[in-house]
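Take a look at these structures.
Note that chain A is present in both complexes that follow, paired respectively with chain B and with chain C.
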Partner chain A sequence: MKQTFALISTYSSDQFGICSALYELGGMVIIHDASGCNSTYTTHDEPRWYDMDSMVYISALSRNETILGRDSKLIEDILDTAGKYRPKFVAIVGAPVPYMIGTDYKAIAKLVEDKLGIPGFGFDSNGMQYYTRGMRDALKAVAERFAVERTESGEETGKEPIKVNLLGVTPLDFGMTGAVGSLKKWLAEHGMVCNSCYAMGCDIDEIAKAGNADISLVVSYGGTGAAKVLKERFGIPYVYGIPMNASEIAEKIGDRGGADGSKDIVIIGEQVYSLSLAEALKNLGIKARVLCQLDRVRDSKVNEEKIEFIYTPEEDDVIKETKEADLVIADPLYGPICGAGKLIELPHMAFSGRMFENDIPNLIGDGEQIYNRIMKEVKRSDEQKPTPGFAGET
Partner chain B sequence: MLKIAVYGKGGIGKSTTTSNLAAAFAKLGKKVIQIGCDPKADSTMNLLKGKPVSPVMNYYRDNDREPESLDEISKEGYGGVVCIETGGPTPGLGCAGRGIITTFTLLEDLELFETCKPDVVLYDVLGDVVCGGFAAPIREGYAEKVLIVTSGEKMALYAANNICTAVRNFADRGYAKVRGLILNRRNVDNEYEKVKAFADEKGLEIVADIPRCQDINDWEDKGMTVIEGNPELPISKIYLDLAKKLLSEDGQSY
Partner chain C sequence: MLKHVLENGPARVGSMKISEAPYPQPFYMGLEYSTPARGMWNIAQTGFLMPQTHQIFVCAYGCLRGVVLTAAEMNSLGRFSAISIRENDIINGTIEQLMINGVSDVLSKISYKPRCVQIFITCQHFFLSYDHKSVFDRIRKEHPDIEFLDCYMIPAMRKSGISPDQRMRRQMTRVWKERTRCDSDKINLIGSNLPLSETAEIREWLAGNGIELKSIHDCKTFDEYTDMANAGLNIYCEPVSKAQADDLKKRLDMDSFYFTNSFDPDEIDATYARLADRLSIPAPDFSQLRMKAHEAMKRVKEVVGDTPVAIDYTLTTRIFSFAKMLVDYGINVSSICTDMVSGDDKAVFEELQKRCPDIDILATNQPESRFFAGEHERTENDDNGPRVLAVGQKAAYFFATDYFVNVAEGGGFLGYDGIIRLAELMTDAYINKKDRRKLIRIKGFGCESCL
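On to the complex of A and B.
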């Protein structure tokens, strides 16, 4: 049956991708829906909820407000609350009911912005799309709105580290594993520095700095929108991938007799993460395919190692693929369709929420191919820049 | 790019007016897109010699997936006008307004404007601004001007008044503005005076005065606009003059 999930869980929705992406940026996020959605988000998909304050609200949309199209109540509530707390921005996040009546979130955001002088965003999410899309739209919006032109900070010596934007980092894909710290450490070990991280361990000022980078590293589908904006606005090139050390996973594969590369292995998960893992396993002599049910990047640069990639949103197709595979690397909630002994658990918060949050590994490390890709792209970008003083010389 | 939404009471002649206007723009050398926003899906019929384009909602119904190219949901008609119809849900079920918004989102995803690079986009919208979906064509990014088709009949003017009120309610949202009225005559007594009085009360201009004309019906029977059928007719000249006026206001030459 199409678009039906009878055995496995479903991924987090677009609304929560937006909330997760904006969580640390000091804005006020309002999910426009009947009460209930916020507890799903805070209970299952937002591990920062109890440790870090963030202004995430629900509008508590009622039946009459829906039928009558009474946007005024929402607008008044936002003006009242945002006027009081003065957030860095206001984001109105769509949900199924207002989606069905065609609520114009962007118009409401504009109205709020005009009245309060606080930047406003309206997101056409509807709870029927994946978190990947919500994250993409949210990070794209803040890049469009807040990122500013490159600012030079004094004399350049020519030995400055390469400044890298990390795009698409949220707990939904990386958990609370310390991945941001590891990514920054990896950059430092390779003579680079994190310029701006969209959007963990980051505030709105750091978002604004993104125009200063030499390159963007897109670490999930959620970072693709911002990457394109930063390229268009500031000419910052981008590459895809996560530097990964797959030895922990390879060991588990070895325990199942697959270390010699003889097993048919399929990785299920977010596209950039899964391809990066497959690439890291390939470096260890283990071949794996990738299956993705989520939004996927269609740019060939996302898969430079030409890993076998299957996209399908359908559960029936996943059952077929996992049946054919010898080993499946996936979230534990894929267990019911994998068959006994096949599953190597790799918890993914966007799929199983906080159920296995303590078991999410931090695989950041190695990643020589990623480094090479960055250097190649930076070099190409530098070659395309006009040389100062060259014009007119013979 | 000139983007216009055409509203008016049901049966007042919106589709006839819109498709003649589209044909007039095309006749003046402009690249035109006409999007019918009505479940009846008959807006563009007279640009297509009676061979209609399959509506977007039909595509969803028949294929249970999104179309991947514009070719699957559009057809080129007279003068290269790109014709698209939103269509609607199964009668009596679903939500037609939501269908319009879904169509617009799809057209954005398929990069309609980037691909066709139109000079003029016309939205022909069902009757009144009855719900959020039917206001979609006047949202920011879509039409910038609204033309209201009306006759001197009481109910047509009543609908025109409702449309004016709805559009003005959206003033602080950055939506389209009412550009003016198109008087599509039904030969009621003192018709011009009645419409002029309404226009004056609302501070609007009557941008065209279209007489009741048998030529329109005759060419419609052949699946054509009068512009295609005979651009030299006096009635064709009225549509061409309106097209020229709107292009001039938009700073476009012809």
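On to the complex of A and C.
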């Protein structure tokens, strides 16, 4: 039946996707809920907690404050703390209990902003959606608020590297594997440069210069909101995908006798990541289907290689689709469904938290198709731009 | 500061001198921070102590995340299932049907038949006024051969009525339905997450008087656990277990005895005397053990000298009693990390305010607490030996020291044996560094962990 998880874990939720996306940007994030959310996030979903100071707090909402709708205490507490530490922004993150009384987070954020002059965000998360949605909303919000028009000046020589925004990078999907460095290296090897990374290894200033980019590369569902905003505001086109070298996974498939393409292989995980992996495996002659329990992009551009993609939101859906599969590439906590014999472990922090954090591979590499897509999209974008001096010419 | 506290109550600061700290709540309760020191148990871990029991949490993904990964990390995912609440259940009022169907679905899929299922409901259930009775009546009717226990993950209620930890303990003995006899030669130790140390003197004393001391940790089967209802007395050592003890008195007429986890030898002797009187057995003579504890603490002072010592509330429920004992031996207690002062500790807290007014009280959950550890990490190191000795995980975290006693939840220590054991651990901790990050990240001190 729907909504039961008898055997497997569940993915991280929208609140934590927001926290993860905003973690490095110098803001103050307040989860508006009773207790537990904060420790859950810091324990399982935030590997940077030890090494990087960031202000993520919980409002410690009580029964009486909920019943009486006492937002004034929350506001007072935020004003006091934010006034003291002067963060780059204040983000109020919704959770299950305030959702039920219809707390107006945006109004509270506006009030805080008016009082302190610090940018405020209110997020209508409720703990009942996945992290993917929270991340999408958070990165979209910072793109709307902080990204500015092209700021670089000077003569263009025509030889500048293509500037790329990386959108949707958080530990929840990429772990602490050095993926950001690898993505930047990959860009450099292909004559491109990272203009802005939403949102690991960056700060609010880097977020702001996203308008300078020639193109955005959406590397997870979490980057889709920002991609659309940057497209609408600055005309920056975007493509989906992660450049991947799947040889490590292919080797494991080969060890199970699947290198000849004779096996029914299933990948379970985040949509963009899994499709990119399937694409990389396809390049090695291995066909795989993709199952996704999470939010998914309904845009044909996300799956240009026409990989078989099946939306499987429920545990029962996953059981059904993996029953006939020969091999399943998934987080180890899917083991109870598909059995250890079928499973090729690919840890995903958004599913198993910190349990296998040291085993998450960094698969960044290769990605010729993605390079081609980027070049094609940049070219198309350039062709659509008005000729300088033409517009308004009389 | 004192003026502020007197005029405004708890202060919006992260630290203050003990002399300025108001009782029982030194700090204002506003936005809260959470440390990565995870040694304290949560309700899922406590619930897993019940043998032959499965857990089903009915909640939103956000609430589920912490407990499902608790179960997974302690290699108990096979005893854990979840039913996720979604917006449509809130809007359409379908949560009751979701639970009834969900429990049946879970039971049809798991690989074993549990004797008991703990069904955890959350704050959302409370605010929805869901029909608790009809749900459990129906579930029990559909699965008559399984015991269903209602459990509560309701942090929104933690500041009103009994706390979630108290409620969890109380519920866990609600499966003790009746007493068929009264075994006066058996005593239960209830409410502690960790098993009592094998070397605790209370064990030998009771055994010498023909009395068996039993706890949930000794039970291999559900029947063995429910049979504890026939014991002659319940002893509990933590205030958090009082609601459980009171409930057992009210429902089953089981008497209880509070054995406070004191570090004061006179209070320990007095507690033993009261217990002996209650059991009608001779009071023990622990004078030799008392002397041994005294020698052990003198040894601690010899080893640590004047090194500052920081302690925290996750070590023991009587943290100020512990602090006073250290002070009595001339040990330089520099900081106590805690957000509250317990009723049991009121007198020693007030004594310490006068005797050692400069001890720092550090909040563990204030916004400012976020930056304590980073300050120490960046500016200090232990290259030349311990600059501070920490006793407890949060103290180790806040002072960024690898010289620390890794104990939480009381460590299973009690009485003189507890003092001796802690003294040995302090001496060892001063000499031998530990891998702080690796140890304090493990959820539930003493629990199995895959990390």
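In this section, the second predicted complex is superposed on the first by the 386 of 394 C-alpha atoms of A that agree within 3 Å, B and C clash if a C-alpha of one lies under 4 Å from a C-alpha of the other, contacts with A are read in each partner's own complex, and residues count from 1 in each chain.
By our rule, contacts are C-beta pairs under 8 Å (C-beta built on N, C-alpha and C of every residue); 3 or more make two chains touch, one makes a residue touch a chain.
A quick note: this is a predicted structure, and the numbers were derived from the prediction, not measured.
With both structures placed on the common chain, the touch criterion links A:283 to neither chain B nor chain C.
Judged by the touch definition given at the top, the superposed model places A:4 against chain C, while chain B stays out of reach. In the superposed model, A:114 makes contact with chain B only, not with chain C. In the superposed pair of complexes, A:100 makes contact with chain B and with chain C alike.
Comparing chain B with chain C, the partner in contact with more residues of chain A is C. In the superposition on chain A, contact of A:13 is made with chain C only, not with chain B. After overlaying the two complexes on the shared chain, residue contacts for A:30 are found with chain C alone; chain B is out of touch. In the superposed pair of complexes, A:69 makes contact with chain B only, with no contact to chain C. In the superposition on chain A, A:124 makes contact with chain B only, while chain C stays out of contact range.
Across the superposed pair, chain B and chain C both touch chain A at residues 99-101. For chain C in complex with chain A, the residues that touch the partner chain are 12, 29-36, 38, 59-66, 68-69, 72-73, 77-78, 81-87, 90, 98, 101-102, 105-106, 109-110, 122-124, 126-128, 153-160, 367, 370-371, 374, 437, 441, 443, 450-451. Residues of chain B that touch chain A in their complex: 64, 95, 97-98, 100-101, 105, 131-133, 135-136, 139-140, 170, 172-175. The touching residues of chain A, counted against chain C in their complex, run 1, 3-16, 30, 33-40, 42-45, 49-50, 53, 55, 57-64, 66, 73, 76-78, 80-81, 84-85, 95-97, 99-101, 126-130, 333, 336, 352-355. Every residue of chain A that touches chain B in the complex is listed here, in rising order: 2, 69, 99-104, 106-108, 110-111, 114, 124.
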